[in-house]
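Shared between the two complexes below is chain A, which pairs with chain B and chain C, respectively.
Up next is the complex of A and B:
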């Protein structure tokens, strides 16, 4: 009796795991297959899985629809986003991790609560402000908006990285000849680097995937998702899948490379 | 090598006074141990000397130089941290060489000194390894090597042995002490372990609640504790304490009376009728066949419990309403609850007034 129960529990568990995996993986698999399928196979009702593959869809999307420009825009915006949010976020997270000051916990909560602010409300005033400042339809403008979205994540993630590096390492460095700033750059930063790299990739993905703000704030210099939303929606299906393929690549690459550090990033453990 | 002087040193964290107006002079080349229970302010005192904390009040002097607000790197000190704090992204060699590099020593000198320090601590074959490849004891040695490689003015150690297993701790205790004798550096060593303090220190500063309770050699703080705290903190098992009233050349402890020696009677002459706290160490209470000395007083009690420690036995003896611990050498066996005679060595009594100060 008992053995049967165990077996059933196990089967149920596996079934659940398979279903969850399928839920996540099917769309991705569909994107991968369809993005590289020749259109004849894709539209053949008799073929569930295409047999002939090509890079033509991607080529047309990037070079004939000239999405390479928006891809470059997206990369530029994402890199700028990382630069801005890290420049502002690292000092904040470092001081949260190292110093006790009045309002420290309140500040952390405030950062988190920024994520509750609805983006839609922000969009229109931001667009108006950008027009006045001359930031409208610029890479920098989108990057600044994305940086403000990414900043709470950057602060909280890098905070947990800095917290996990014992302060004694810095104190020893200061005893043995470094200034406070040098101790940060020569001792703490090298140790934090893997985690910071993972946080940077995460920030990249946030910016890369963001479509709402990017659509509102740009017209000519669209980022990839903002442009796809307008252009590719009217294109044939294989191009949509090709666009989707390019869109998911950074996130997938990120997960493969940073998987090891994700644990660190969420502050569960250092190693 | 310098003399370290603390003048009215005070450090406050929020509402907690961690260090409370401490005055202390550490002699040139001395091995001084700051000993106290956790939270007594010993580590904070050490960090003020290191420059890792800025005191709220008071001064720190190295010889005549006021270093109170000097950053750590300008103080010419070294420190061994409780967690060792050897940098995981540097090899053992790079760790030990680091203080020398910071002082811009020429490469040949760095190499020579690193090898000297590594040989001294017997980690010469580990120089290419990384910290995560080392055992706790080896890391500890690397931390010490890094601290002595520059021949600092002052060597600070914050419970450096507390993360080692018992066997290694005993070994490192004597090694660190020998090392310090050899390089004759002024050393301030923080610990909560009284055995460590007793075995290593030239002088011990016993701390409690941010204040220094007594400074003296290990025999001084053991034999002549100046107050109740020191008397109770140092020694294991703990000193026996009971209240008694001074009356007609005797100490009346209700359950029994103890006759004062002429010397004690003189010291207590002004305290007739007053209540004092009497202390006696377990090793100064004997059984009849282990008794020694002149002024002994016999008491009748019952055996509550006994602990065999191998070389010694600790007896828990109930005398009236009081429980006295006696530590006798060798083995002892008797039925629990049986009658037992114990002898108190009256010349070894410690007597404290109401405020907890020694009156002898």
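Up next is the complex of A and C:
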């Protein structure tokens, strides 16, 4: 290829990359701006970009509309979801990664297909079941439902983490007299920790973002997205933008921290 | 793979005991609710067996609208996403300085919920939103374009399509990009040796090898599309009914779990059909890869 042709290709590539990035980033940047802009500036049609900023929108949202409570509920639900899905899922993924046994492929297929099962199908019957179980309108109830959504992902992601840690380390530890459980807790678990942390964040985001089941299962103890869907939608626009900002923050933080694991994790969870 | 299990009977049970909690949990929280949903859909308020729920479902105008719009939205959104995702994955596969940064940026919407994404685009598109402000400033329009409200239903649909393309193209992209990376560079190099142009390489080498990933991306994306809810609910309410939105409406607003269960079952049946297609197409590959 001629040099000018290479230069042109390069310019075209960068132009495309910039356009793609702008398509994703502009709306996010603008919701941040709107969340902190004074309402007069947002509504001023002559003013394209607001210039005056305030914490008032966030303050009203959190303390007058009392969304700090739903935010805390969301965090509690997400943490409980991690606790439940990891307690159940880690033994399962470890079993898949370290043992060969009849029925292993069948179990894997079950997990793979459940991963795509629509959670909304469970929302309606769970709401009725929860009334009988005394779980309706509880943090735990929502977390248990979210855990059933997250569990297949947790199993598949942590499975791939355990597979990537050579079994020889455990075997060596067992040669030196550790039991299998000790070898797991002292050798494999510490090595798996960074990946598990990323998987936990992934689970957090799944639960933090889920709205359909959360809003069907709760009335007073709503999670943040569930409450946005019901109450904040009737509030003035600036509070909606503040709510979107609060919802987006953990997600963006997660992309930043776990970026090394991102493609792998979503690859596993989607393919 | 795996440690040779000691030959006692208990040891043979260990892998099953480790799986048991997950299995029990899924049985109770997925299996049982499905059975219960079937029961709800086929019984009346008094508990007797009936088909009346389905009769009132099919005589409800909103049901047919919801069915229509769910598929219509999927039919418009998914091809757009497929095209965009393919473009971006080819761009990043080609590689350039900073491609990784571009990759992370493109993945951000994956972590943003449908609720937040809807509000993000609501912010862009309201009467005093940034799109209207910019267009007014440039003098391209003299009145703001209305995107919201029943009177502007077709524009609400546009807003939904834009939001969904923005939010969920990354799902298709992740699958395509992973598929692309599995194509060995040697195929491309071989094509280079024979003097293939960029277009020829894409058309005759990359696209055919990408076909399985492409199929799987489309099926998964269609599965998600059947559950589209919060984006529609926030941007259009029931102006544009969709299946999940109707399920929510009947459960939360009307408090009739029987009709809501009918919607849930319908989505389940569609999903299972799609999931079955998916497994049929990809089961051998999964087992080969040992995933």
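In this text, the second predicted complex is superposed on the first by the 258 of 271 C-alpha atoms of A that agree within 3 Å, B and C clash if a C-alpha of one lies under 4 Å from a C-alpha of the other, contacts with A are read in each partner's own complex, and residues count from 1 in each chain.
One rule holds for everything that comes next: a residue touches a chain if its C-beta (ideal position, glycine included) is under 8 Å from a C-beta of that chain, and two chains touch if they have at least 3 such contacts.
These numbers were taken from a predicted model, which means no experiment stands behind them.
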First, second, both or neither for A:34, with chain B first and chain C second: second
Chain B versus chain C as contact partner of A:166, first or second or both or neither: first
Chain B versus chain C, judged by how many residues of chain A each one touches: C
Contacts of A:187 with chain B and chain C, given as first, second, both or neither: first
First, second, both or neither for A:120, with chain B first and chain C second: second
Chain B versus chain C as contact partner of A:179, first or second or both or neither: first
Which of chain B and chain C A:141 touches, first, second, both or neither: neither
Where chain A meets both chain C and chain B, residue numbers: 171, 174
Chain A partner contacts - residues on chain B that touch it in the complex: 50-52, 71-73, 77-79, 81-83, 85-89, 98-99, 101-103, 146, 150
Chain A to chain C touching residues, read off their complex: 10, 13-14, 16-17, 20-21, 23-25, 27-28, 30-31, 34, 42-48, 87-89, 91-92, 94-101, 103-105, 107-110, 112-114, 116-129, 144-145, 147-148, 151, 155-156, 160, 163, 167, 170-171, 174, 180, 205, 208-212, 215-216, 225, 228-229, 233, 237, 240-241, 243-244, 247-248, 251-252, 254-255, 259, 262-263, 266-268, 270-271
Complex interface listing, chain A residues touching chain B: 166, 168-169, 171-179, 187, 190-191
Contact footprint of chain A on chain C as seen in their complex: 1-3, 5, 12, 14-16, 18-19, 21-23, 25-26, 29-30, 32-34, 36-37, 40, 87-88, 91, 94, 96, 98-99, 102-116, 119-124, 126, 128, 130, 132-134, 136-137, 144, 166, 171, 174-175, 177-178, 213, 216, 220, 223, 226-227, 229-230, 233-234, 244, 247-248, 251-252, 257, 260-261, 263-265, 267-268, 271, 275, 278-279, 283, 286-287, 291
